[in-house]
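Read the structure below first, then the notes.
Think of it as A, B, C and D in the order they're written, each chain with its own count starting at 1.
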Amino acid sequence: QGSLAIVYDVGGRGDLSFNDMAALGGERAVRELGVRLTEVESASTADFLPNLRALARSRQHDVIVGVGFLIQDAMAQVAEEFPNQKFALIDGFVDAPNVMSISFADHEGSALVGALAAITALENGGDTVGIVLGIEIPILLRFEVGYRAGVRWAVDRYNEIHGTNKQVRVLYTYTGAFDDPARGKTAAEAMLGQGATVVYQVAGGTGLGVFEAVESAARGQGKVVGPPFAIGVDSAQDYISPGFIAVSMVKRVDNGVFEAIKRALDGTFQGGAVTLKLAEGGVAASSVEMVELFFDEAVAAGAKTPEEKAVAMAGVRAAREAVPQLAWDLLNELDSLIRSGEYVVPEALDRDTAEYWRSVLSTY
Amino acid sequence: MDPRPVEQRELEALSRRERQRQLRGTFAGLAEIVVALVIGLFVGALVMDGAGYDWKLAYEGLLIGAFGDQWAIADTLASATPLILTGLVFGLSARAGYFNIGAQGQMIVGALAAVAVGAHVSAPPVMAVTLTFLAAALAGALWALPAALLKATRGVHEVISTIMFNWIAHYTALYMVFNVLNDPRSAERTVRVLPEARLGAIIPGADMTAAIFVAVGVALFMYWLLWHSPWGYEMRIAGLNPSALRYAGASPLWSVNLTFILAGIAAGIAGATQIIGRPPTYALYGDLSNVRNLGFDGIAVALIGRNHPLGIILAAIFIGAMGAGSRMMQIMAGVPLDMVRIVHGTVIIALAAPEVWSLLGKFLSRGRARREAASTAHSKTVQR
Amino acid sequence: MPDRSAPPAGAAGQYKPVSVLAGAPPWLEMRGITKVYPNGTRALENVDLRVAKGEIHGLLGENGAGKSTLMKILSGILPFTSGRILLGGREVSLRSTHDALAHGIGMVHQHFSLVPTFNALDNIILGRGASLASPDRAAARKRIQRLMEETGLHAPLDIPIEQLPVGTQQRIEILKTLDRNVDLLILDEPTAVLTPQETDQLFEVLNGLAARGTTIILITHKLREVLALTNAVTVLRSGRVVGSRLTEGATAQDLARMMVGTERLPEVKERRQHEKTEPVLRVAGLTVKGDGGQDAVKNVSFEINAGEIFAIAGVTGNGQSELIEALSGLRPIANGRAYLLGHSINGKGPRELYRMGLAHVPEDRHRLGMVAQFSVLENSILGVHHEPRFRRGLPGTLHWGKVRRYARDLVHRFQVVTPSLATPMRSLSGGNQQKLVVGRELAKSPSLIIAGQPTRGLDVGATAAIRDLLVDIRNEGKAVLLVSADLDEVLALADRVAVMYEGEILAILERHEFDRERIGLLMGGVHDGSAAG
Amino acid sequence: MLVQSLILAAIHAMVPLTVTATGEILSERAGVVNIGLEGILLISAFTAVIGAEAGGPLAGLMVGLLTGALLGLIHGIIAVYFRGDQTVSGVGLNILALGVVAIGIVDRWGAAGFHRVDRAFRVQPLSTPLGAMSPMVIVTILLAALTWYLLQHTNLGLKIQACGENPAAADAAGVRVERVRMFGAIYAGALTGLAGAYLSVDWLATITENLPAGRGFIALATVVFSRLNPWLAVVGGLIFGFFDALGLIASTSQELTRIIPYQFIQMMPYVVTLLVVAGVIGRFRSPSASGQAYRRE
């Protein structure tokens, strides 16, 4: 009774990013809705079309989820070939009645952590934050520009509060890889070397190197908790480097996947675009509870022990405490401004727009 | 002088025997591959069993996914298409004595050229496709040429130059896709090539396009070149005994350039097949994911195909089948893609050491040889 | 172990060692040795060999008879299929050269087993001493220098082998084995590239060693040497022992009969008289650089006429190789000019020279003249493969049918013994490989053929066949430039001889002026006034 | 500050390249070529983490080294005793590694894709005037020195070189070619394994499905760069590491990336390596019998 299929992006499971989050949603559907889950990884972009077709042809799945915007063209084609099959697309848009296109307001979530980053830097006497990204593709531009916007908003707000005229510089670099922690580490080290207090990673596996750089730098100064801090992305990554990750920009792809199969089962499935924004819980700054949730699942699955959980959670809490209260306050303030629509986070999905926002938002 | 003059007829009979021996050699080669396959699949089954998967169901899926119906076969051939070409890059170069691992970069550049021409030059369909292939071939050849020239003039080893050029191509492409050839409406990829420049699916519902014929055609051309043309004859001399090349009146410089250029052409065309010969996107992705690893997989293909163009076709179909089959392995048995890599890697390692089997054979026949030797020695004493 | 502090041999005659055939007890026994190569070749069939201590034993046989195989088995390089080896009455197991050396067995190989990038010293100390210890080069150098004094075999110790002429390499190969102080010394065609003088010196050393109890097995195709040096011989044919006999009282004819099974030693063909004709090759003031950049050929001038064999004699390494490489377009001419049939060949490559009428049998057939992995068929068109006559209608396609007919014709005409045209060249015996190469070059119907060491290492039959071919084309009115280190060959074939020494031509002698001793002296650089005319 | 982090990054990036290349240098000198270095790096990086978590960082390094040695042994057996195709075996190893490690990570830690190594289990850095530096940097130099000494100043070194240049000659001189070549294959495997361990339990404190990300191939290029001289492998590793780090660091500068797109800045290590090789290193002949099986009959 009920079957869900997920076609992952080329990174596949273990990308620490939307593939893993989608899998999380799938697993939740298995648990809560009792559906059968079929997962297909793609070795290359060229596999998307045959993978989707093979699943559609079997006519066994209530909904087939494609993860990632690269799958968009293939899904458009298959949706046309199999008009009776329900599809869901994460992070892209296909204009077809049988495709539910789910996208996330990455820029809004990134703005939140940008605000936190900026204030953390200022309160620690710094004036620089960084963002390390993977390969330059449109969706990453959205993260980058959102982050910059958050930094800008927070700095302006800070100056307003304190009557100062402080500036925060945003260092950014595209590393050209999603799977090379060494590049992430070197890039982050370069940023820390230029005085960055907080570095946000939007680089999949490459981001592990960012965490490592930050933690090493802090420990090198004898610290057991930041600053400097890193910021995680996509899932609640705070536990990966407990004590040195201030917060994560959580993108609830799992909710998207879960929603898709749930609607397909209860008959409310509809084609069209669904944007899960901050207001809808599509993106969020990670909370302690979210991290705990992850651990609870991991402990249940036998992957982690309760002791590991205790140690890690202590680190996670310590990091949060080490982040200045003002940073949290402004993050929350921005959160409600965005929810209420009073503040609209700029969005860029192409190079020119991104370039425009870079110069507009630049505080230097 | 040898007292026995060579009898024409005798010679011919012997030639026949030699040909039979060669044929037997070919069969032995095939047998080797089959044995390696069996070993790889066996190890894969062990691992899957240990990890708690149903290996029988998985292999059933592998078979169905690769050859189960007309779509599966077509998808297998579609996956094989670029691999035939990148396999030829390594195989042809190896025949000429070079360790050319530059297929990846040359293919990337070919794909870029295919986009640049295919998306911007409008022409009648056949013309557009031809032009696009030509542009990709030219780009691949031009990208391969510096490695050849560096080798010939500066003695730079091709391993180092081709690895470096692969990465240079990679970063160049990252730049080009996002800044020059970008599709403003769908910025994650380049513009799509014009409909005239696209090859459509041959069987609706599967990925195979006429690109497969292009790939096989290139392989046949390489076969002709290597074994039926004086240039290929020279290339093979270069691979086996470079000193004899000049003695034979050929120019080593010309030979190295020719080899790299032809290899580059194959690689460029491989890039083009992924752009104009693979539905539905007809564009290059910003993370280059539709040409990822094809160059390196080509090395495996060439090695399994024993660097022979026809062997490469078969090997590419084999690897393509593993790829297509892995789809159903995942769907039917829930076996992750990574498990397929274990099977794949084991098969290749098993293929590396054919002598294991001949050693085994020798071990078995040694007893026989001993007995034979003993019996001839015996008969001799009796004669005395 | 022989005592090296004793004075070198000279009075060897007084200790005439005895052979097993003369009643001495056998020290080395090989019994019923059978060897089947992995490809199925039965190289040895139930071979017995018995040698006494201190004996110098000759091993004879045609190319491919199995001599090298037998000795490689004895020196631990090759495993054998069945049989036993006894040393001093006890069965020994020789599974590697390591074992063999431990038993005091050392071998000088036919194809040099030297590491080309090492110098002589390192080649000599290779494989000796504790692995993690530093090589004791100083001690080794002293030892080798003394050995060189004693044996008269001199070689530079610090120059990489690959830069040395083959003759020097051969001397190093011998020194290397002598330095191991072995009890059983095996030499596989050691004299093929030595000068007569060096050969004599080597034989003196061998006699001295034997006198002190070292047992020696010598493989050679040169019957003169066998008669001069050995106590007894064993002859192999097609992997079986034909027989053994004492050397004393044997003639060259006797030995040849045992080897080839025919009565008469082959003789060189009759040479036809020609009228003096136009020069085919004219070389004027030619200078050619060697690999090291030095002048290997210095200002050399000569002419070769149609219908003439012009030989260049000399110890290997005196510039002959560079000269023929320059004349065949493989090496640039640094200075001077050369004309083939009146046309300058300066700056021309092998293909152009071929079109101008030149054919070239290279000295180093393994490196230049053939592709070992190619079949006989493919090798038969090496260098002419680009010709339209082997093409098909489709542009550029080789017509293998035509090639096959051509190759079959070559094999037939030049009596190349091969199982088939598809047989890889490397599976042919050296003699047959050489016949194919010579035949292929002759089939180019050249005006001039350059033949470098055309019979090196070949057996009596193959040597005679190739010499005949060379005389034949001379008689047809073609010109031949023969480069050979084998003085007998030069004397037998040449119409005129130029002697090269250190890159210069010391003298050019007409046939009536030929004199073994005088040429031998010239080869050693001794220039007597009378040669100037 | 920035310069320091540049130098440190370069040195740390040098370690895996140089250690791997150093081992492979000895192996190629002995005649065994292993293009499966990438795979060995990956698998040993994985096992090293298991080792470290069981017995501390030193155990991690040892397990990595032993894993590499074992894989080198397997490759060696295929290359030396079975006279297999060394390239095929290496390629197979690379593919196999991707599967084994991806599955191994899930199997071992229950999470797909990656695992981070806890502080307690990773190699502790030394503090130097430049900043925190891995002790493996010193080990790298020592290994280069050791390898150089072995090759240039011991009888074993002579044997190794002879086996790569002309195994038949080595054989005739009483060298046990098979053993020497096996030593080379295992040595290369062991050093590569150590480098893999460095990646996971030292430098990056992480294991992922594709941790080396091509460094095995860059190490192969470093071998060619070095002309089989371990000291030049240090230089090659440093040059590459330096420009790799410089590229990443420079591409954080917006002033610069406006003029030169970051893709071209990050291309620098490859371009520089190529230029250095073409301009300085030049013609190089690898040992004649390297990569070829030796058979006696």
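Throughout what follows, a residue touches a chain if its C-beta (ideal position, glycine included) is under 8 Å from a C-beta of that chain, and two chains touch if they have at least 3 such contacts.
What you are looking at is a predicted structure, and each value in this text was computed from that prediction instead of being measured.
Colleague: Determine the set of chains touching chain B that also touch chain C.
Modeller: Touching chain B and chain C alike, sorted by label: D.
Colleague: I'd like to verify one number: the distance from the centre of chain C to the centre of chain D, where each centre is the average of its C-alpha atoms, in whole angstrom.
Modeller: That pair's centroid distance is 45 Å.
Colleague: Report the inter-chain centroid distance for chain A and chain B in whole angstrom, where each centroid is the mean of the CA atoms.
Modeller: About 39 Å, centre to centre.
Colleague: Between chain A and chain D, what's the gap in Å when you average each chain's C-alpha atoms?
Modeller: Computed from C-alpha means, the inter-chain centre distance equals 34 Å.
Colleague: Quick one: report the Å distance separating chain B from chain D, using the average Cα coordinate of each chain.
Modeller: Chain centres of chain B and chain D, defined by C-alpha means, are spaced 27 Å apart.
Colleague: Going through chain C residue by residue, note those that touch at least 2 other chains and give them in order.
Modeller: 38
Colleague: Which chain B residues touch at least two other chains?
Modeller: Correct list: 171, 174, 179, 336.
Colleague: Quick check on chain A: which residues sit in contact with 2+ other chains?
Modeller: Counting only residues that touch two or more other chains, chain A contributes 13, 176.
Colleague: If I apply the definition of touch given earlier, which pairs of chains qualify?
Modeller: Per the contact definition above, the touching pairs are A-B, A-D, B-C, B-D, C-D.
Colleague: Contact residues on chain B for chain C in the complex?
Modeller: 1-6, 8, 11, 14-19, 22, 224, 228-231, 233-234, 236-237, 240-241, 243-244, 246-251, 362, 369-370, 373-374, 376-377, 380
Colleague: Which residues, counting only chain A, touch chain D once they are in their complex?
Modeller: So the residues of chain A touching chain D come out as 13-16, 20, 23, 130, 171-177, 179-183, 185-187, 189-195, 205, 208-209, 211-212, 215-216, 219-220, 240-241, 298, 301-304, 358.
Colleague: Using the touch definition up top, name the residues of chain C that touch chain D in the complex.
Modeller: Those in contact with chain D are residues 37-38, 75, 77-79, 96-98, 100-101, 107, 109, 112-118, 122-123, 125-135, 176.
Colleague: Mind listing the chain B positions that touch chain A in their complex?
Modeller: Checking each residue of chain B against chain A gives 65, 71, 75, 78-79, 170-171, 174, 178-179, 182, 184, 186-189, 205-207, 274, 278-281, 285-287, 289-290, 292-294, 323-324, 326-328, 330-331, 334, 336-337.
Colleague: Which positions of chain D touch chain C when the two form their complex?
Modeller: Per the stated touch rule, the residues are 153-156, 158-159, 161-162, 165-166, 168-176, 287-288, 296-297.
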